[in-house]
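The same subunit A turns up in both complexes below, where it pairs with subunit B and then with subunit C.
Let's look at the complex of A and B:
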């Protein structure tokens, strides 16, 4: 894929359960942090895409006014848990078409987001919380591949440990041992409360720039591949084979083709661990390990995975998550993380973001 | 501007006050009408953008599943009354970047849309309905340019007359005479109820295609210029001069530059007449007539204006309006309208769509 779009810089505010800040305030705080850091002038910002499941209207224009920019295009988008990377996809399109040179993508969410429930999918009956499909994925994996509750707990332990090194994580400085996780309350068999991410409040933003503008960037990180796959919206539509998330497999294949790379070329990855089982499935569906061997991959160290703490350790402010995941890869490739979280010698990273039972997934491959 | 994006075909359902159809049902009915007509195969559709102010989640994916497509990108966008053309802007970007070849844009709204009120703008105090800023625009025009209530009534009379020839209009077959309009109830001085558009339910969709795919189109209409201008979100931010809608002026200038055309090259235009005064101001701000002479332009016949009946005659299903406006220009240029509404010898058209006191406007220039 031709180098058209770079990420100049990004910012994530500390995720928290709740605060009295409005959505536009959250976005502005995050964007102002970018404006302090970048060499791109505020007047040169010609696009703004807001990612949120919020029901508030005209957020693109409200935030444009609050940060005092006059973009060529300003709008809000919503695509459930996949909103953040959908916004990045559209921003990349605006830049690679030559329409824009500098696009800010900002993801914002409050804890009581309407995105937390999947109300439209009557194929689930009353089982309208995401954990209901996640438990079926887990049971399928247990049955076919002998994955166990202990394996799931290892994922949670690893990601919470990483979150302890991330001051922006909801569970920063909150320690959970393997036994804490194994003994946590079972919600929907076999998933326990510490197998699940925590819906929370948060904001995360990035500034995408054209090749021309990237010359001003201190440390641009390039989009080498970006792909989304959509297989509808309902669990019934994707449940013929619960061993894989088809959208992740398809989007990965396409993104690796665009980048002319293979999974073993990736040094660091952010995977969508809304539930522990999803991280294990993502290992397999992206191709880091063969199908069925995911549980053996949890403790490997050839690829750094979910170094910010994942959704499990950071919390899940829906519209912000895909952007916060991307920000972690940016910071790691730019060697700008701190608190002992920095991994060495990473030059290529991958972001995996998905929505609603894996009915849609996005993969982004980044390179410094 | 290089020819990158054509509109293959479109569809608008009849606008109505209310029905028991869901938003996805409305979208699907409209999209299915396009699929019946186009030579593009359903499997080739690789993008879907839903335009709506609705609070329903994951509409892009729900509609993708209902019409059984697997797009590369599927998402919902919201930008108040400017949503429809914002969606077209993003779809054009997806095509001109080479990412997609065939993108469906669908606009859907119910009458009780949360977009009907402007709740965030506390600079208005309790005056949170759009008519409050529209009345200030009207009073300013009256004071500076001697525009009168009779002039406003002439706009309403013309557009309602056009709506009588449009079976998709909310006010199809509803006749309003000049006197009916002048005698209608005053809402906020000087605006009467028949100076205002009617929030309603509706759906409108178009299929945008790449140059390559346009070879399969029977009668492609090309995007020659497309520009949006954003000046924030609040009335306070744009009220230093109420004689013009600055965003319309700026977006028009840019779109004409892209198209290498001037206002007198336009044969037919759809202008955002949410209130009668806005049509008069649009004549001036787009440059069809000089500032202050708008009221003299109402009865001209060099450019066909709001032939479908405008927002005044068709109703205003917020997320669908910009797309329905675009569809009227498409049909007129393709010579496919009926019921005596067809204008002859039109080869270039313009769409003007705006939001919230003119804080943002989009202009699209189309050519056959």
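Let's look at the complex of A and C:
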């Protein structure tokens, strides 16, 4: 893939349970933080993509008016938990095709988002919460690969600990020990409450620019590979083999091909840990470790994983999550994180974002 | 009545209908008016009441404290409640009971060989 799209800068607001701010207000607050810092002139913004599962109308144009921009395109993307990186994919397409030069992507969500549950899928029957399919993935992994509840707790402990270094995380001030996690309430076997992310409110934005505009950027981060794969929407469609998330495997392979890189070239990654088991499966499906060895990879230190705290530590504002994940990689590659969570010598990062039992996944590979 | 309503209505008689493509000779699930491959019109056909339990777990959620799992009935995969304690993954299962609760399919799996 040619270097056609760079990410100039980003911003994430602190995730919280609820506030009295409207979705457009949240978006504007995050976007204004970017516009105050960037060298790109506001008049040059020619695209605004909103990522949200809200049913509110015309958000793209409302937010455009509130920040007084007149872009060529302003629209909203909804793809459940995979909305954020879907919006980035669209922005990248607009720039690499030459239609736009500077596109803002903003993800916004309220805690009670309709995106928390897929209503269409009748194949889930009365077991229609995300934890039901996640528990079946976990049970399969336990049966085939001897993964244990202790392994899941290690993922939760690591990510919550990382969140303690991230002031934007919902659980920034909340410490959970391994025993707290192991003793937390069982919801659906083998998943406990601290194996699950927490739906919350949040906003996160990034500014993507063309190669030409990137010359004005202080520290552009380049999209080297971006790929999404979709395998329908129903759990029935993907459940013939619960050992892997096929969409993650397919999207990863294509993104690495585009980037002409391999998993061992990645220094830092944000993985979609909506449930602890999903992080372990992502290690394997992306190719950081061979299938079945995910539980042995949790405590490795060759790749920094979920340094912002993941979805487990940060919370999960559906439409904002993929953008917040991408923001973390940008900040790490630009060496702009603070509170002790900056990892050294990182030049390449990966973002993994997925939706609805893994029926859809996106992989983005970023480079300094 | 639309397709979903027609299928749900039949559940009241304990009959699980699904859409079938006569041209491709395969079940189309979730139900659809057209075959997802050849796009010919589908017909309604009762599903085979013998399947395999692909995976199972236990829900501790209040008012839903029971075993549940995913069954595969000749390619029709659906989550349901496991009403017999001795059932294991890969066992043959059958549908004991089916009803609609809050516009969702509530299905009970039992042991096929019992």
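Things worth noting here:
We adopt the following convention: the second predicted complex is superposed on the first by the 368 of 368 C-alpha atoms of A that agree within 3 Å, B and C clash if a C-alpha of one lies under 4 Å from a C-alpha of the other, contacts with A are read in each partner's own complex, and residues count from 1 in each chain.
One rule holds in what follows: a residue touches a chain if its C-beta (ideal position, glycine included) is under 8 Å from a C-beta of that chain, and two chains touch if they have at least 3 such contacts.
Keep in mind that this is a model prediction, so the values were computed, not measured.
Look at A:321: by the touch rule set out above, it reaches neither subunit B nor subunit C.
Legend: residue contacts after superposition of the two complexes on their common chain; A:242 is shown touching subunit C, with no touch to subunit B. In the superposed pair of complexes, A:187 makes contact with subunit C only, with no contact to subunit B.
With both complexes superposed, B is the one of subunit B and subunit C in contact with more subunit A residues. Contacts of A:166 after superposition on the shared chain: neither subunit B nor subunit C is touched. Of the two partner chains, subunit B is the only one that A:227 touches; subunit C does not reach it. Look at A:204: by the touch rule set out above, it reaches neither subunit B nor subunit C. Once chain A of one complex is fitted onto chain A of the other, the partner contacts of A:136 are limited to subunit C, with no touch recorded for subunit B. Where the contact sets of subunit A with subunit B and with subunit C meet, they give residues 234.
Per the touch definition, subunit B reaches subunit A in the complex via residues 4, 53, 55-62, 64-65, 70-80, 83, 86, 89-90, 92-94, 96-99, 114-115, 118-120, 227-234, 237, 355-356, 359-360. The touching residues of subunit C, counted against subunit A in their complex, run 4, 29-30, 54-61, 64, 68-70, 72, 76-81, 89, 101-102, 104-107. Of all the residues in subunit A, the ones that touch subunit C in their complex are 121-129, 132, 135-136, 138-140, 143, 185-190, 234-236, 239-240, 242.
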